[in-house]
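In this document, chain identifiers A, B, C and D correspond to the written order of the chains, with residue numbering beginning at 1 in each.
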Amino acid sequence: MSKYTRNKLRVKLHEIIYEADTPQGKLFDVVLLITILASILLVMLESVESIDKNFHDFLNISEWIITVLFTIEYIARVLTVKKPLNYIFSFYGIVDLLSTIPKYISLIFGGIHALAAIRALRLLRVFRILKLTRYLGASNNLMSALRASRAKISVFLYAVIIISIILGTIMYLIEGEENGFTNIPKSVYWCIVTLTTVGFGDITPQTPFGQLIASFVMILGYGIIAVPTGIISAEYTNIYKSGKDKEPKTETGNSKKPVHLNSQCCINCLAVQHQDNAKFCFKCGRKLN
Amino acid sequence: MSKYTRNKLRVKLHEIIYEADTPQGKLFDVVLLITILASILLVMLESVESIDKNFHDFLNISEWIITVLFTIEYIARVLTVKKPLNYIFSFYGIVDLLSTIPKYISLIFGGIHALAAIRALRLLRVFRILKLTRYLGASNNLMSALRASRAKISVFLYAVIIISIILGTIMYLIEGEENGFTNIPKSVYWCIVTLTTVGFGDITPQTPFGQLIASFVMILGYGIIAVPTGIISAEYTNIYKSGKDKEPKTETGNSKKPVHLNSQCCINCLAVQHQDNAKFCFKCGRKLN
Amino acid sequence: MSKYTRNKLRVKLHEIIYEADTPQGKLFDVVLLITILASILLVMLESVESIDKNFHDFLNISEWIITVLFTIEYIARVLTVKKPLNYIFSFYGIVDLLSTIPKYISLIFGGIHALAAIRALRLLRVFRILKLTRYLGASNNLMSALRASRAKISVFLYAVIIISIILGTIMYLIEGEENGFTNIPKSVYWCIVTLTTVGFGDITPQTPFGQLIASFVMILGYGIIAVPTGIISAEYTNIYKSGKDKEPKTETGNSKKPVHLNSQCCINCLAVQHQDNAKFCFKCGRKLN
Amino acid sequence: MSKYTRNKLRVKLHEIIYEADTPQGKLFDVVLLITILASILLVMLESVESIDKNFHDFLNISEWIITVLFTIEYIARVLTVKKPLNYIFSFYGIVDLLSTIPKYISLIFGGIHALAAIRALRLLRVFRILKLTRYLGASNNLMSALRASRAKISVFLYAVIIISIILGTIMYLIEGEENGFTNIPKSVYWCIVTLTTVGFGDITPQTPFGQLIASFVMILGYGIIAVPTGIISAEYTNIYKSGKDKEPKTETGNSKKPVHLNSQCCINCLAVQHQDNAKFCFKCGRKLN
């Protein structure tokens, strides 16, 4: 196989694996999606004792098939990128690696299967679900709203924690150990449970005065939920509006659709979000396929 | 009865059954509404053992009366429409049929009353409540706001599920089977219960570290509720505003009322939402009565 | 006492009782406020067995003092109004009457104190708290926002009830009587508890499939809370903005304060919310004092 | 040491302690931050019996070190301010004092360690977390939104309490003492737990009618949460927008950054929030360092 043919094959594979604008690329994505979901289901079912007992071999074999598929995918991803290290140390590179190795590790330490650390490691496979975030659509402005209001939300969460610590301590004093508030960390935990309106009910105030303070905590929690909501609401309204303002108008009077990003991915630097009519990578200048 | 008279009767009946702008049409709607509510009440009461024991015959007879009424309604609806198949396979056609048949089926399999499948089928009658959605007012823009923000809400729900799976697995590792987190699906269930701030309290973390992670889950859930709220809030503000902008102004300076849709329903194609001054169906061109 | 003096006294008393723009009127309001709060506290404490046992006489005497005060207030209100029937059958007239009579009734039926109906009637006194709504400030636009979005909120609540009935029935089928879902009304109750994210935990799904449906209910409830919030948010933003737009600008460039309503109350027709500089009742034209 | 040198030292120290725009000032702030967090952690761990038993001496010595550090800080703060009384009776002055003295008091009453009042006093140390609010960034407009909507939120909370009292009394009548609603205050507590969607589940309605009322309370609580959210949302949108409107535009067409407040603090009157280019205190006119 000449160097040229090999290169062409690599370009072809890159298109299939990293992009979704060819039929093969779409097929690859659908197969990958199903494999990921099946793999998550396997991890979950394996933890159910009655299922694991009856279908152990089936689960084990399925897990091996998926692991092999992920191994092939990982190797293919590494080989078809010009700068493999860029991929390997990217977020998805690490997620892809962690999605693949747990089964191999369980093979090495097979005899000591019950070891907690190994068991934990094997559950790392659940992080495979993060592979799905690839399909989340990077262009949505949900993240922009969250990022824009990050500072204010931090202040809010910070205030929630300060309130919980102070009111948790007060509840510890009032209710005391005999009513389940055995120590301050537990009281603070109760206060967070109450302030966030979760209300498990595993610990509840028993004294009238404790119930009064609890009522105050609940009404406080019920009221301050409005604060982050108001913040994100305002930020989002703003982003939405400024997005509208910027939209160029066409001669027909209709506003042009927002610039859609195509699903191409640069073979050289893995940059995505190229515009639909892009011919060259906006980041490294390499020709796009 | 001549064909003409028969046709006239059908047009008359169509007006009564499908429309609400004649006194008879309004009466029909009110009677139907009451029948539906009574029927739902019957299904509910029947499931209460003590009531079913004491009033079995009364409930049974009432149920038969309602079933007969619904049968007549269904047949009348089929007969008075020009294209019966359009109605039969429409959403309401299917709901109307399912609202009627369970009692007949229970008659056929009367002897094997306790059979779970039959019992389930009989409970189908509760879907009769969907008949009520006919009166919901199709013109409200609640649905528009939801539809406009559908994509963003999907991303949000998707994120909630990913977070629940990952944090559920982590809680399974930390708390383990001895504290109620018997398997990963159950842990994920707990995580959804906590993240959505429902907090049943049937499963609660017992270890300090588990309670720390739980606190994080709760504050996360308390905070991210702001995201869908902000989205719908912004979408709705937008729809509300654009609706206002489009509203034509009259000479008196007051804005005209929004175009009210009348309650007429085309005898030919069942299209609704004709404007008040409409004389012909906007969909098939047939004259409206 | 001449008719003129009597009339003058009545006008004076009307000013004290119904208005708050004289020192005596303000004093009357403060005393009434304290009496109402004390009366609510009494009703509550009376229901606590240990307190009722130890302080029965004190509570009883206090209750009589308050009842006498309320009786005097009621009679004074009736006497100082030109058209007493208007007051008697107004919302506050009825509340004032119901706040006064329970103690007298308990006197009549004193011997049969434990009778449930009488006990219930005596608790009517808690509705005295509605007397407080007089001080809520009628001019706030909270009510306008709620009224403007009433129709949409009704549709929303209606949808919540339909969803609860259908999902409640499904849960009854899945979980069955052995897991606490003993009948459909109870299942629907559970569904409302879950959908509204309250989550008591007195009934919880035990089967894996039931927990799956429950997860769906919870995420649904967590998501649709955004709908009423978005509606009121949009309505309120709108009211707030239109309120601003209408505000007349003064020459100094600053916007004038919104027209404050004074606390005068017409002696003839009990109309309130007269403008500060009003000299005559805007409703019946009578001169204001 | 001459008066001049002493004065210069004081100015230097003031800069370090009260300000954060010199390297030493920043270092001081970081050390203080860590000390506060460590101190909160100590208070919490001390309340956990198993930890207190095993690490009592370590916790005690750490607590003394922190107390000494806070003492030095307090004295330094008092000495470096021109008008010490201003500081001492300011919010932070009181917080700093209360953060320091509990350990000394526990020394005096060492023998009667278990005394509840002393134990409570020692827990005052948890209020040290309020020292953190110094770092919250006073310039954020979260507080403005809250302050602007204070009146409306009060009306809302007030309505919540009235609803809870009335519905709590009704539930007390319906459910009665045998189902956990032992007295009205407890019923009102239950009603607040339910209305705020916390739902502990320690008290739950058992009768069908009680569950119906509870359903109503829950849907009410689920719906009215939209009210404060809508208020703050609208207020915040408004503040956000008016903040934008006021922003002066530069010649380049970009809007100028909002005026950032520097971290200087007047040595004379402790006023903060001076503009970045401020040379003199805007409050007392003293030269800033």
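Throughout what follows, a residue touches a chain if its C-beta (ideal position, glycine included) is under 8 Å from a C-beta of that chain, and two chains touch if they have at least 3 such contacts.
It should be emphasised that the depicted structure is a prediction, and the values quoted were computed from it without experimental measurement.
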Same-residue or different-residue interface between chain A and chain B, half as cut-off: different
Angle, in degrees to the nearest 5, of the Cα rotation that carries chain C onto chain D: 90
Selected from C-D, B-D or A-C, interface repeating B-C by over half of its contact pairs: C-D
A-C or A-D - the one linked by more C-beta pairs in contact: A-D
Farthest chain (mean CA position) relative to chain B: D
For chain A paired with chain D, centre-to-centre distance based on mean C-alpha positions, whole Å: 32
Separation of chain A from chain C, taking each centre as the mean of its C-alpha atoms, in whole Å: 46
Residues of chain B touching at least two other chains: 156, 185, 188, 197-201, 221, 225, 229, 231, 233, 235, 237
Touching residues on chain A, where the partner in the complex is chain D: 151-152, 155-156, 158-159, 162, 165-166, 169, 172-173, 182-185, 188, 194, 197-201, 204, 208, 211-212, 214-215, 218-219, 221-223, 225-227, 229-231, 233-235, 237-238
Residues of chain D touching chain B in the complex: 197-201, 229, 233
Residues of chain D defined as touching chain A within the complex: 40, 43-49, 119-120, 123, 126-127, 129-130, 132-133, 136-137, 140, 142, 145-146, 153, 156-157, 160-161, 185-186, 188-189, 192-193, 195-202, 221, 225, 228-229, 231-233, 235-237, 240
